[in-house]
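Naming follows writing order (A, B and C), and every chain is counted from residue 1.
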Amino acid sequence: MTETLLSVRNLRVVYPGDDGDFRAVRNVSFKLGRERLGIVGESGSGKSTTGRAIMGLIAKPGRVEADELRLGDSDLTALDEAGFRRLRGKRIAMVLQDPKFSLDPVMSVGKQIAETHRHHFRSSKAEARKAALEMLEAVHIRDPERVYHQYPHQLSGGMGQRVMIAMMLIAGPDILIADEPTSALDVSVQQQVLAIMDEMVKSRGMGLILISHNLHLVSSFCDRVLVMYAGQIVEVCDAGKLHEAQHPYTRGLLAALPELGRRRDELPQLQRDPAWLADLPAALGAAT
Amino acid sequence: MSNSPLRTGAPTGWRGWLLEPAPLSRGQARLGRWYRGWLGFRRNGPAMTGLIIVSALVLVAICAPLFANHDLAFTQVLEDRLQDMSWAHPFGTDELGRDIYARVVFGSRVTLTIVGLVSIIVLPVGLCIGLPAGYFGGWIDSVLMRITDIFLAFPRLVLALAFAAALGPGIENAVIAISLTAWPPYARLARAETMTRRHAEFIEAAQLQGASSFRILLTQIMPLCLPSVIIRLTLDMAGIILTAAGLGFLGLGAQPPLPEWGAMVSTGRAVLLDQWWVATIPGMAIFLVSLGFNLLGDGLRDISEARSG
Amino acid sequence: MIRIENVSVTYGSGATTVRAVRDISLHIPPGEALGLVGESGSGKSTVMRAVAGLIPHAEGRIFINGQEMPNKRPRASRKFAQMVFQDPYGSLHPNQTIDQTLAAPIAIHNLGDAEQRIINALTEVGLGREHRFRYPHQLSGGQRQRVAIARALILKPKVLLLDEPTSALDVSVQAEILNLLTRLRREHGLTMLMVSHDLAVIAHICDRIGVMSRGQLLEMTTATELAEGRVTHPYSQQLLRANRGFDPTSINVDVTA
């Protein structure tokens, strides 16, 4: 593997509640290099919470604990909110499912991208504008000048997600976390957005964490896949070899997918073994 | 859920029964829901303060004879007039020698009556106008909302004054006057709440089952509008109490010898510089109760926003 | 069982007119499951909502169970066709227990014997008595969708309209719901109209599949033809490719949506 950009050891996220503490993420460990890492799992598996914990976005009263959470040479466990704010965008960025919620509705998108540039590089207005236009072009927006002046509600879903990627990458982060970036898009547009993300990550030598529930998507897009269940990583495998997965959960998920050309009267249903919920030895995932 | 290894320290006993995620009866489900709401409410300090003040008002109003002597509040003892605070008269006496403490205690009944009657009138009127307007839209909406606009266009106190003057002074007329001017914002609120929900899928599902518009409004939409309307009412309560006090102050509300706080402030005004307590004590009662309703309303709003957000 | 003739739906007027559905005709014989695929805005859901009677201004004629449906549907006709919505979070009233939700249709149609009907409906969709008095937020997505199916079935309809019934669900739960739908269809001889953007899901349930785009029915195909890639329209071929996962070679990123 290439140089390690992000290393996570025994990450834990706990939400206290009226009916006891809820352990949303339990002892998650992995290392990320300049690669495309997928995290798959069903809702409630802790995949999104893991992404948010790395970004320092777990809201109170949730607690984040980790034996190690290191981004390059910075120790994220020691950071306070202000420290995270300096880091976000500049070193590590996140793309969410719906760009409509992540963009400021009353500022033109170009201006938002330029503002991000100014914030991180203290650049002049003209420089920031130029950088923003270049960035819009980089995400294959044909007419950057026109889109620069548009407002988020004027953009289609695919366009919005391109703008989002441009804004997230303008400060040149090392890592991009994409949480279900294409789930709200139509299939044909999904492919374009993924291709753009792929191109950007490759050309800039970044690490990408793609969080998704879609097994097909992750296995066809990523290099490596972490499978999460009930807050733990239950399996790590090469994306191309997802179909050779060992863990009964992963195998059950794959079997439960309806397939074109293989019509079955009944889809094999996932039988959840209570033993899967037991705490795993903390080491899984750390070795890779 | 409680035996899941993901969860630690789940409650047991009666709390466990109330927080049971799989209730076994209608009653348990409902009580559990209320208990969860109460747990959220309890964490909100200002809301609890508001609740305590409002509960105290209700308690004092219901049990007024336990807290003060009825005769002291109404019997004129002219030789004892305008006395300073003392053991016999904790808040002193007024210009007719009546015990101010006792009058404030019995005055809580008047305040509570006004608050209660206004709520009973304003809520149904607001909902009856707002729900159909929001749900049906079109010309029904236009007609109902123009009527609302007409009432909304009048300044509240002035319209209340005109009503009170036309119908004659008295607590019932004050309540009617306040209610007539207070309902339009509730109609607008109910309409706005309805409009955000009339295209919800559960409404469409009810339509598909053949539910009549009346049934949908009553069983599906109204329960969802009610919380925000009640919160608004709680927040407005302070204003209603002040308007009632204002009418009392101007002599158009409760009539003597009824111990209405606004009227008490009004009579104390004449002697404010020498016997400050005559006007100040009922004034503080008005302030405290208004504050209580405001804090309660704010707290309820916080909780309902946290739940939907 | 369902026949629609020249159905069109138009929203707005003047310059802002949107023709959501243009002149669509379909016929679904009893017991068949017909699917409509397409992307958002293709009009597939609009067709279904017109069949359900949720779009009173739809033009054209709609027959269910041999009867032509007027724009204002009589209450009794509601028993023929019921619908399951996409979002199990949005299709259940948040303040009502499952019990109340299921009791409503029984009360509306004066069916009587609510207690037994509710228990039967819950059993049929694989829910136990312990779910009966929960609120929707106390159920998982799959359980809510089961409740929505139970509510649709409680009136014993002949036609079930399915609007992306599994797209908001996890893969494992999707399999459970699809199996449930297959079983219910077999046991009750239900006629189904299903709408989805997921080719694999729709081909799992449906025999015939219509591909829709921009309000028009582009082509009518079958699950088998789809699996073998025998679709003629370029748009259908594009959908088919996209269904197979991420394939960087087939994408032109400069196509603006």
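General observations
Keep in mind that, in the parts below, a residue touches a chain if its C-beta (ideal position, glycine included) is under 8 Å from a C-beta of that chain, and two chains touch if they have at least 3 such contacts.
All values derive from a computational prediction rather than experimental measurement.
Judged by the touch criterion defined above, the protein chains are all mutually in contact, each touching every other. Judged by contacting C-beta pairs, the busier of the interfaces A-C and B-C is A-C.
Centre-to-centre, using mean CA coordinates, chain A is 48 Å away from chain B. Measuring from the averaged C-alpha position of chain A to that of chain C gives a distance of 31 Å.
Remark: chain B and chain C have CA centroids separated by 46 Å (rounded to whole angstrom). Not a single residue in chain C touches at least two other chains.
Residues of chain B in contact with at least two other chains: 21. On the side of chain C, the complex with chain B involves touching residues 52-54, 73, 75-76, 78-79, 81-83, 85-87, 90-97, 99, 104-105, 108-109, 129-131, 133-135, 138, 148, 151, 155.
By the touch rule above, chain C contacts chain A in their complex via residues 39-40, 141, 170-176, 178-179, 182, 197, 199-201, 203-204, 223, 226-228, 238-240, 242-248, 250-257. Against chain C, in their complex, chain B makes its touches with residues 21-26, 28-29, 33, 200-202, 204-212, 215, 219-220, 223-224. Put simply, chain A touches chain B in their complex at residues 18-23, 26, 230-231, 277-279. Touching chain C in their complex are the following residues of chain A: 42-43, 140-142, 156-159, 186-192, 194-196, 198-199, 213, 215-217, 219-221, 252-253, 256-270, 272.
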